[in-house]
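Two complexes are shown next, each including chain A; its partner changes from chain B in the first to chain C in the second.
Let's look at the complex of A and B:
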């Protein structure tokens, strides 16, 4: 079993681990030579299924294993994130799977230009002493668990029905700042005893097929909502739908197009989900990666977010999928 | 039928930020009383009946302000259309009064800065929201007040107070539940019978209170007296960790010599104050010092942590007026510069003429009931003596080095 890769985009990788780390402690990482998958399935809250093209974070990669050259690892995200953070100013960073005392570890080796750390007064008087190499090498070792193919065989992406509404979200950072404010208000609003925290931070998120998104929260003292208009609802590609163009006509989203209006004032045509504001805030932290985000609403059932990370060449996109299930009223 | 009645209040402001910055000054209480009349919206909060604060959102801060007083004789007009809603309300009041959640209102108004994508990257909003707030309202408005509208509506008695913020493609609506007003007697402050009136720069007062807060004191004592015709004003704090004192005295200049003895009636004092306008505003720490009874020392004690609740107002105020009435009730009035209602969007539009970009003033008032754990305010001899000596030695010598020289010379 061999895994070795050089990291080409440390900052993206760091931001990815940071945002995943907020949702779960452990990630299932599936490595192949074509793609890397990060999956987080917490006991409660949002599931993340991320599929990354190799070149979005790695430059060169070698993956070899007895099981079709696929390696499954269970990685503690906090440690990985901390290691990556120290690599932000590195000239190069490499990651590989090794064994130490019979424990599998991910070794992250960082090479940093040493001159940056050296004070002039402490310059080595004999430059040839270190063989001319003026670099610092740091290696982080992160203990991981290797998962057998059987152990992960039963893990599947959640199955959801056809969404009622899909919409391009506005900037996640903007959404996050507003929803965080809503949550804070709901928590500050009444005495702690009146209701449990979870039920008070319940946000309602709704969208229609006319470019409107609505975020709202209710409490005893106020009801508050923010409505975005002028967003876009992406067109479905008939090539990707089984049954082609005629089956698009039968989709719930086509029906939803008949309802509602573009100014967001109509009560019809909204598909809404109830989610936990604190959890939502964590999901929104993926906005740091700055990709395009499509939200799919299954009315009162689930909200699925597709976060696309564009590569340097712009076409072959990596995608992070978030599954957020709706609370009942 | 209610739809046909004009709403009680319909106010539009092009700068939610101005409203926010003013309301934040009194945002120490979960509920605020709102009173609406022709002049504007008055929001007031109180704490345990011993501290009150109030701010008037003057109608001039709004581009549109329409107030339709609900009919005072409700029985005739409303009875057929809408009976159960209005019955319990006091029929004699024409100015509607109710309570709302103040944090909710403040947070709503604040949503503006957050949603502006251009500013979400910068750190100004953190600075102005939680750090040391900037004293310049106008400059922060460059970022926060662009291209957005805030509409406050109160349709009928009993309806929620709704605040609608519109910015670019985002519309935020907050319906604040209106609660029945609680009966509050209010702190009686007799502005006709003042023992002391001091006006100084807001920053000086703020600095002094900040300085004293370092020992986390329990009480703040305000001390005022006239010595050798010179005004003395001191803030003294005391607590378990010790006590500290900040003293203010005016540089003795030629005109102030003629002020001895300090006038006992206010008319004379005003005349005197007006007589020396040239150098006074620049030279003197205390722009105004009116002391009703110059023969005595005024000492009045207040709860320090309550005074500290006015810190936000102190930090943005250009001037503060400190008034203590004969009963010892303290009234702090902060003058805060705001821009006119038209200034936000209007700077580039026709309404610019109305706003003209010139700063206007808003006032935030705080009232505090004195602590009476000692004898009456300093008309006794014993306590006064101690202070007297501290004032004499400390006041003249310590405050400013050059003062002392001047003293000796004059």
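Let's look at the complex of A and C:
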């Protein structure tokens, strides 16, 4: 089993681990030479299935294993994140799978330009003693678990029905600050009620096919809602739909287009989900990756977020999929 | 009656703040030893695995320094201990602020009030602020004996020094929950600082294992580097971090001196009349260490080669009573190193309680001391085992110091049959009678 890669985009990788770490402590990482998959399946809350093109984080990669050159690992995200963070100013960073005292470890080796020089006032400026290798090397070792193909065979991406509404989300920063405020106010509402914290922080998110998004929260004491208008509902690519243009007509979203209005005042045409505000705050942490986000609403069933990361060519080859299920009440 | 008065500039006062923060990481009490020429803060880790001393030079560090101990002539000293937190609440951060903002002071005047006929003995700090505001703090202190760890520099053949700023960058790489630091000199011209945790975990727990971080530094990046290739020495990463962070406040070079694993290591640095010395217990594979070219101290021969845990008990004070010293020296208010009230009637129990629990003291620097040993027959062959502060005056009592010399390893059990070997010449303690 061999895995070795040089990291070309430390900051993206760091942001990715930070976003994922907010949702779960451990990630299932599936490595192949074509793509890297990060999957977070927490006991409860949002699942993340991320598929990244190699060149979005790695420069070169070698993956070899007896199981069709696929390596499955379980990785503690907090440590990976901490290790990557220290590589932000590195001149080069490499990651590889190795064994230490019979424990598999991901070793992140980073090379830093020798900063010690700056502290030495009398250093010769053109000191090429020792081949000019005046560098500091830092190695982080993260203990990981290698998962057998059987162990991951039963893990499948959640299946959802065709969405009723799909919409481009506004800036996640804006969305997050508003939803965080709602959640905070709901938590501050300390009226003795039978409702637990989880039901108090329940956000209702709704959207229509006319570019409107509505975020609202209700408690015994208050009711708040924010509505965005003028967002875009991306056109479906007939090439990606089985059955082509004819079947698009039969999709629930096509029907939803007939309902509601672009000013968001109409009661019709909304597809809504109830989600936990605290969990939503963690999902919004993906905003740091700066990707384009499409939200798909399955009315009272689930909310699926697709976060597209553009690579150098402008193609959306890397996508993080967030599966958020809707609470029934 | 002791005379101890000194004045500090705002810069010096803020340095006192910094050093107290550092010493506070070793123990929650800090001991003070004032002599005619210098003033020393010391802190001893409760597990006796680390000893820290910061010496302030009377003329260089202070604007004004006067210390006349009540007895002992030129070598006399005034010693006491205080809670680090209490001192820190007086020596706050931002005492020195060129812009004169909130908290900045103009100067700081310290004096000790110790009168025979008064019950109140106080350590008085006057912060003279801008606009003529004077804040006066009166702190209680406790008279204690101050112990010093002796470190034999002549045996410490391995040495390096590096600017604290660079060192600080390295410690920032270390994982948060690591415990140990392995410093090793490779043969490839690199020195490796590896922070890790000594925990063997299996199965799913593997994923809870803290990060292992190794920082490999070219030896040419050191100001000075002379360490036997292949030598590994292990210390506590927390101690190291505390030292480096403090050294960085002074922007000085940090020097390390050591001989081999399980023998003490000393870090030292300082500038402008302030000298810091940290003597740390080390561990590591002693057997795996390459043979030392330096002659091993004679004491080593008697060390248990299997390194069975040799619990060493060390008491913070040997004096139970000072006839010529008025309060506050009484044991009733006295607390032992861990802050518990010492029960005067249960010396044995409390000295056992002070023994580091389940700590493998083969790593400990410090050897045992017990009041019994004053009475035990003297073994002249063991003369070298304990280093006594030769400059101390002996009329008040013996001033204990301690030193790792290897052959004091013995097992002390919690029963009352402890046998302590004599370590002191009767001639040296004549002052007690």
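What we mean here is this: the second predicted complex is superposed on the first by the 309 of 329 C-alpha atoms of A that agree within 3 Å, B and C clash if a C-alpha of one lies under 4 Å from a C-alpha of the other, contacts with A are read in each partner's own complex, and residues count from 1 in each chain.
Here is the rule we go by: contacts are C-beta pairs under 8 Å (C-beta built on N, C-alpha and C of every residue); 3 or more make two chains touch, one makes a residue touch a chain.
Computed from a prediction, not measured in an experiment: that's the story for all the values here.
Student: After the match on chain A, would you call chain B and chain C a fit or a clash?
Tutor: Overlaying the two complexes on chain A (C-alpha atoms) leaves chain C and chain B fitting together cleanly.
Student: Give one of first, second, both or neither to describe whether A:137 is in contact with chain B, with chain C, with both, or with none.
Tutor: Once the two structures are laid over each other on A, A:137 reaches chain C alone.
Student: Looking at the overlay, does A:171 come into contact with chain B only (first), chain C only (second), both, or neither?
Tutor: The first partner, chain B, only.
Student: Between chain B and chain C, which makes contact with more of the residues in chain A?
Tutor: More residues of chain A are touched by C.
Student: Using the touch definition from the top, say if A:153 reaches chain B (first), chain C (second), both or neither.
Tutor: neither
Student: Return first, second, both or neither, reflecting whether A:67 touches chain B, chain C, both chains, or no partner chain.
Tutor: neither
Student: Mind computing the angle chain B to chain A to chain C from the CA centres, in steps of 10 degrees?
Tutor: Taking chain A as the apex, chain B and chain C sit 70 degrees apart.
Student: Contact-wise, after the overlay, does A:188 reach chain B, chain C, both or neither (first, second, both, neither)?
Tutor: First partner only, chain B.
Student: What is the contact status of A:1 with respect to chain B (first) and chain C (second): first, second, both, or neither?
Tutor: After superposing on A, A:1 lies clear of both chain B and chain C.
Student: Which partner does A:88 contact after superposing on A: first (chain B), second (chain C), both, neither?
Tutor: Once the two structures are laid over each other on A, A:88 reaches no partner at all.
Student: Have a look at where A:226 lands relative to chain B and chain C in the superposition and call it first, second, both or neither.
Tutor: first
Student: On the overlay, how many Å separate the closest CA atoms of chain B and chain C?
Tutor: Between chain B and chain C, the shortest C-alpha distance works out to 7 Å.
Student: Chain A touches which residues of chain B in the complex?
Tutor: 100-101, 103-104, 107-108, 110-111, 114-115, 117, 120, 160, 169-177
Student: Applying the document's contact rule, which stretches of chain C touch chain A when the two form their complex?
Tutor: Residues 162-163, 165-166, 169-170, 172-173, 175-176, 189-190, 204, 206-218, 220-223 of chain C touch chain A in their complex.
Student: So in the complex, the part of chain A that touches chain B is made up of which residues?
Tutor: Residues in contact with chain B: 170-171, 173-174, 177-178, 181, 184-185, 188-189, 220-231, 264.
Student: Show which residues of chain A lie in contact with chain C when the two form their complex.
Tutor: Residue list for chain A touching chain C: 26, 74-76, 79, 82-83, 86, 100, 103, 105, 114-120, 129-130, 133-145.
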